[in-house]
Amino acid sequence: MLLYALRRFVYLIPVAFGVSLLVFGLVHLAPGDPISAIVPPDAPKEVVDKLKEYYGFDQPLPVQYLRWLGVTLTGDLGTSIGTGRSVATEVATAFGNTIILAIAATTLAFSLAVVLGTAAAYAKSRLVDRLVTLISLVGVSVPHFWLAIVLVIIFAVELGALPPMGIGPENSTGWRLDRAHLAHMVLPTIALSVIPLGVVTRTVRSTIKETLSMEFVTALQAKGMSDIRILRHVLKNAAPTCLAVMGLQAGNLIGGSILIETVFAWPGTGFLLNSAIFRRDLPILQGTTLVLAFFFMMLNLTVDVIQTMVDPRIKRG
Amino acid sequence: MAIQSPSIDLGGTISVLLGRSGVSRGYWQSVGRRLRRDPVTLICAAILILLVAAALLAPWLGLADPYKTSMLRRLNPIGSPNNLLGTDELGRDMLARLIYGGRLSLFMGVTPVACALLIGGFLGIAAGFLGGRVNMAIMRTMDVFYAFPSVLLAISLSGAMGAGAENTLLALSLVFIPPICRVSESVTTQVRGFDFVDAAKASGASTLAIVRVHVLGNVLGPILVYATSLISVAIILAAGLSFLGLGVKPPEPEWGLMLNTLRQAIYVNPVLAALPGVMIFITSICFNLMSDGLRAAMDVKA
Amino acid sequence: MDSALPIADRGGPAQPLLLAKDLRKHFPVGGGLLGRGRKVVRAVDDLTISVAKGETLGVVGESGCGKSTVARLLIRLLRPDRGTLVLDGDPVDEPHGITVNELRRQVQMVFQDSYASLNPRLTIGETLAFAPKAHGLPAAEARARTRDLLAQVGLDPESYAERYPHELSGGQRQRVNIARALALRPRLVILDEAVSALDKSVEAQVLNMLVDLKSELGLTYVFISHDLNVVQYLSDRVLVMYLGKIVELGPVEAIYGNPLHPYTRALLSARPSMDPRKRTHEAPIQGDPPNPIDPPSGCRFRTRCPFAEDVCAAGEPLLTETPAQSVACHMRRPGSGHSKAAAA
């Protein structure tokens, strides 16, 4: 098992190399050279050259890449062109806020999905099954940023029950565990959880249904085992597939939070990325993308290893 | 946005034709027959055809000019005289903008999937059929793209390239190539394992002839079904990019962009502000249900 | 040259139709960190087979002994790690020999799974016409060929050409597979468990048809099966395989009448018999075959052989000629050191 985890990790190295190349390349996808974004068009040539030299843009591309890679590997993601602050610090703060929201949303989505999916798979009445299928269809089809706006309209504008934006009260400096901050989390959490809710409910429902139709369940019933104990066997069999989908969804949720964070002005990575794009703050764009991609890779690796641990059918390593 | 690879089932088709003695039917004929008996799929297809037709024929429907602003008639409520669905923040007719908006919104959703289907499908089938080093090279490259959540990849790419419809199309196509490539590779690898492919190889036919006759017919169906399931994701993503200001530029009517510009109106006319999202929602549901229907019609076990 | 014409016998009746020399195929499995310490399955290990013109060579052995790998090596669906193929005097895929495609014109194969070996999206007619068309036969002639083929395997061309595989029974599908193998008018047909999946009554019909086709078309068969009775019925010579190696080879009467290798004996005593006097009460072979990833040293059968001695672990037994057959067993090689072997 350890060997398998290790091998998967080693296998990630070339992928990580490719990712770094792609992220580095992002800067050069930008129209014009990266300096022109921050200096006025009539700036004197010496100033532009000096800036180019300062940021290393005067070197050939492979040299720039290696220098960037070397610096990045030490944990230094450069300085923000917009604010002059360290990219690593900015991204770390924002990432913390994103994770808080992501944990809340995945907890909500996955627990609800398991309950709904199991209920639908077991439901004797077609109505329950239909209803759950409808919920999951809406979950995968709804534009979640639009749902976020609708939630704001209903609960903040019309009812005035919840705050429409921000991470906390006006003077808040960061997330804290108190009533005011929790109230600010409610709407973004709901908006963020709809897609994983839809996808995971669907998976849980179909996997459990499939497991229930397997012969070992009939055998357990014939043995006179109680339904509750049979459910435990069924869940154990359905777990690996569901876990895999959940892992993928947890990662995609981090990506999807970009739109939600923008709607709610939640100071996370998505919000940071969005403002960096409009300020053409390329170091921030690069840094955020790199950190999120690495997080996603590590998450996938973890899910993969956990999946092999719970699924006795997969023998790897 | 879950990516689950469809599986090929050879045994399944047996049940279809039992009892229909004498008349032989090909696979696609029986798929078509089952689709025609599926009311949900038919209704969704009808709605989508209506949306597309309205968007294409918009200039001849007697609608108001979707670009004509009016300072006096800003944010008129739904049901106003002359403006059935009200007016937007610049006094433009909402009904006209929603219908014209279908042009860009649908185009921006379907085109990237179509491009990705061509490129990703080709790469995936090549990787799956040729195996070995070609497979390694193609699939390892795809793994790099897989290391990004799809929304992040789309936003970073179009963010770096700058706003504009072309850049959005390019970014979205890039986002959908890897999943389609992966699914194509996996179904092709499955088909390649069947004895009939070996039998064809043993007959000394050229690789091209084997792929054309024996592989494509068996893999295109599942790949197509998978691609249709991505259209709804693509439409939401494209609208999302425009919503962030990365896609279509104003004053073009586009549902995601309209959602963005109407956000300032949520305190004045909330229902109006939500309307473009309803259009995205309807389109996305219809594409999802159609894709499900197609999958069910093609999976004979269901 | 019209590639659809049958190819005449060139080397004379004494020259083997197909000669496979020292064929070896090992499959890598799993792998350690960065692919180091990889293990291999020794599916086929230095196998030499010669198929005479007009004969039926039966190949028997337990499942997993490498029978199917041999079949795929003979038609080059698998590339051997080592070894050569010689078709009627012409080496295959070598500078002065014939190409793999020419080999495949003359050697064809019928697979076990009648369903998986037919493309579900093609009609029977399209499937049968595929190979002739690929070899340049015009569509009209390919259609005519299809009708002849269907008639040859006892299926009515009128009603079967337009059908799809799922509309046929297992026996009918296997007839189609045989027809497909005949479409290029081959000289050698490899039948890999071709009747194993069929019902007994259907199996008998198909077997009889194979016998008829053979004499009618002057074919040579390599008949691979785990069913000893069927092999006895059909074969002229029999080859017994164990873990990728030949253990015994000889005329069918010799192998079935006087098996020399302990493995062959065990196999034969294990087969069900309808005659109560022939039933045996001793347990034939114990246990499962060893893992082909790490086959035992020396004689691969020694772990299950009741006569195993030290010499069996020390050296691999060579295939030794006896008056009637060849056998790879230390007991049959004079001077091998085994207590039951004759002195040198």
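Letters A, B and C mark the chains as written, and numbering starts fresh at 1 in each.
The rule is simple: a contact is a pair of C-beta atoms (placed from the backbone, for glycine too) under 8 Å apart; a residue touches a chain by one contact, two chains touch by 3 or more.
Small disclaimer: the values here were computed from a predicted structure and weren't measured.
Central chain assignment: B. Criterion: smallest distance from chain C-alpha mean to the mean of all protein C-alpha atoms.
The most distant chain from chain C, with centres taken as the mean of CA atoms, is A. A separation of 49 Å divides the Cα centre of chain B from that of chain C. Distance between chain centres (mean CA atoms), chain A to chain C: 55 Å. Inter-chain spacing, taken between the CA centroids of chain A and chain B, is 22 Å. Contact residues on chain B toward chain A in their complex (touch as defined above): 1-4, 140-141, 143-145, 147-153, 155-157, 159-162, 232, 236, 239-240, 243-246, 256, 259, 263, 266-267, 270, 273-274, 276-277, 280-281, 284-285, 288-289.
Across the complex, chain C is touched by residues 10-11, 13-14, 16-17, 24-27, 194-196, 198-206, 209, 213-214, 217-218 of chain B. Chain A makes touch with chain B in their complex at residues 14-16, 18-19, 21-23, 26-27, 29-31, 137-138, 140-147, 149-150, 152-153, 157-158, 195, 199, 202-203, 245, 248-249, 251-252, 254-256, 258-259, 262, 273-274, 276-278, 282, 285, 289, 292-293, 296-297, 300. Here chain C touches chain B in the complex through residues 72, 75, 77, 100-102, 104-105, 108-109, 111-113, 115-123, 126-127, 130-131, 134-135, 162-164, 166-167, 177, 180-181, 183-184, going by the rule given at the top.
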